[in-house]
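Labels run A, B and C following the written order; every chain starts at residue 1.
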């Protein structure tokens, strides 16, 4: 799989630069940029993981928790700068739905076709689903219920206050996981993971991380510039582009590794990626974007009802399915089926 | 109990024919039709069960899953043909509420008065509650959140797409239960059930099934014809009639067997009837009616807010109560109490 | 801790009388009344507990269940008489939020800082969370979904009917807990509690209970009289006063004992106080107030959307966290974090 990303990158990066320079057709460039970002996000992810192994578990967990969604944050940053707030909001919805229903469901489905029943550690899973409920409740539902009844300046204050509460809780969650209750979480991980050597050495990983981030930022900026003309030409709405571009492009690398973990029956890691990544979106990426948006157009975290209900349902389905400590192909199919039905609804909006 | 149904049928069928022929008072006929349908639905149910034993578990499960709600589908079919869409939609709400809260709750209450604590297989129960959540979420909530924001032709497409997704998932659920994970489900059933002989032989069951279905169709058509004049005369709204006529009349037979199972402390079978039947309503009956309605007035699956919230609450209460693997009289009383409160609300609407 | 309450009472009661007599500044008096009520509520609580031990478990449970929220009921009674319905409705919201999120969360947080993992009896906890879901669903959500669609006289009938259903279920819950399934509930309580002597003898407790109740009623009436001028002067809305005055003042005594129980690792008692007290609010206090309000301005149990959703979220978070049978500091922090975010939202409303 890593070879595919290597080829995508080797082709994508030069094409992005050359095409941007010679003003190639913007629809062609849009797809080249997407492909390139997918490959670069994979390199960022892998170099982060290598560094995480090198610096030890605590700092490594912190590193994963902050750099894991680097690609999404970078793309969203440029979209914010361009004033594409609807795109950013929809991309958050997209990340939640795709992570939980599509990536999570497909992983359970594919894993379940190979193994009759796949078990995972309920304690860790429940820690994550607890955070998931909390993240979605406070970051997404609370602003929704208050926002319609207060005036504009107060919305800014309220959104900012929620973002800060959320970041504090996110830090506390890391502290809980990496410091006070470390033993509970590392028990099994150690078993699975200790034998694995990091793919790259410390310095190589740092250089790759730095380079990939810089190039990703360059390509993201270009990509965001093509969103509006592409949307107008192909007749795609901002919501649709938000769900596709930032959500899928930014985290495609994670979906691949989530599925491959399920295929290897390492369900704890799979859930950590799929649910953990959604928690990061709600509790880290979204609040960071709110704070960053102070410098551009302020981004209040207010979703429309369809998006909000879809996210709540996705979280609720995941909690219900994860709660019994095992999964099978049918539970995966349920999630994917829900995703397809929702996707169809959003497409028609 | 079967004797009661026999007497009801022996009196009801001739009265239905004669009364219809001589144009007796329509309110009288309305009640005669209801009584007759209740008795015939019982015969359809029993003959289906006999055939299910004869043809083997897999085909039998399929048979139960499709013919189990034959009476509801037949009545709804004639109501659709008459353009009584509100009645059909309300009858779906009614089936969900009555099955989960009233029949389920009354079973737990009566069973719990006899046994201090009634246990059931959590694995099977959770498979059913998982399906229940999914069915209610996708069939009922998703259309609701999208429908208000899209135009009329798209509603038709969306409802149809949801119905198809639902039917596919329903078939997958049967495949899961009857083929790939058969052993998990039949473990205990075999224990309870194998000693039981089918009530009727193969041919007798088939003849009874055929006859009862034909007569039920005849009476249902007559019944539907009386709905509007009865409603006007007695001052009952379409919603109220929907919840009473199709919901209660069509599945009264199931309520009786659900309660009798709880009384015998066979809680797995009781839950299978009560929750399984609701799942069938959401994932099989409702989608089938949407597809069938293409031939008459199209029936979009759009409930009003009260109906929708009532169904969600009913599902949620059931999941909460079933989740711990046992039931007692008080949990039953809770469900029945919720049903009474809701019924009162709908009555005042 | 009891000393603090003693001092508060010894200072507060005379000051309340004297200040009321000499017409001291009403803002000063407002705070004196609050302080006095907090101390008197503590005496009511303690004398009730003593009597509960003396009269035996069944009658004692009944006594706790009815007198436990005496302070809230008395204050709300005078607020109703003054026509301050918004204050009463908000105070119910406040009691739910403060009990579940703030008191419950702070208890888990403080207890969790001392003990790595605090376990509790899942059976009892689930009985309480089941009641909690039911109470919130029927008392709060059902009126909401029906009320917007029916006319004014029917709202009165509906609210009354719901209140009666609720009180019946509450009595059944007591019957379940104190009679039919007594053994399940008293198992552990006996262990912890039997060695404890009641603080006061029977007669002393009865005299204290009587005196404290009378004085509390006197001070409550005075307090309610200052609500409107204080609100106007300090710019506090009725909602804000409702959440502060009745909710926090009326049950401050309980929060203190809930936290101290968690500190002693007696989590069953802590949950009994925190969740049990919320259940009492929903299933006993709220219905009683509806019935009592027949004599003044009728109080329909209709919350605004923000209040309703906040209560549902609070209940849902609690259920999720309690469901696994143990708690830790981070789960407590989650609840407190949610409370802070909500509090901020209500403050800005």
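Convention: contacts are C-beta pairs under 8 Å (C-beta built on N, C-alpha and C of every residue); 3 or more make two chains touch, one makes a residue touch a chain.
Which chain is which protein? Per UniProt: A, B, C = Ca(2+)/H(+) antiporter.
Since this is a predicted model, take the numbers as computed values, not measurements.
Asker: Taking shared residue numbers divided by all residue numbers at the interface, is the value for chain A and chain B over half (same) or under half (different)?
Answerer: The interface of chain A with chain B is built from mostly unshared positions.
Asker: To bring chain B onto chain C by a C-alpha fit, how many degrees must it turn, rounded to the nearest 5?
Answerer: Angle of the fitting rotation, chain B to chain C: 120 degrees.
Asker: CA centre of chain A versus CA centre of chain B: separation in Å?
Answerer: For chain A versus chain B, the centre distance works out to 41 Å.
Asker: Among the residues of chain C, pick out those that touch two or more other chains and give their numbers.
Answerer: In chain C, no residue touches two or more other chains.
Asker: Would you mind writing out the residues of chain A in touch with chain B in their complex?
Answerer: 116, 305-306, 309-310, 313, 316-317, 320-321, 324, 328-331, 333-334, 337-338, 340-342, 344-346, 348-349
Asker: Could you please specify the touching residues of chain C with respect to chain B in the complex?
Answerer: 122-123, 126, 129-131, 133-134, 137-138, 141-142, 145-146, 149-150, 154, 157-158, 161-162, 165, 168-169, 172-173, 176, 180-181, 319
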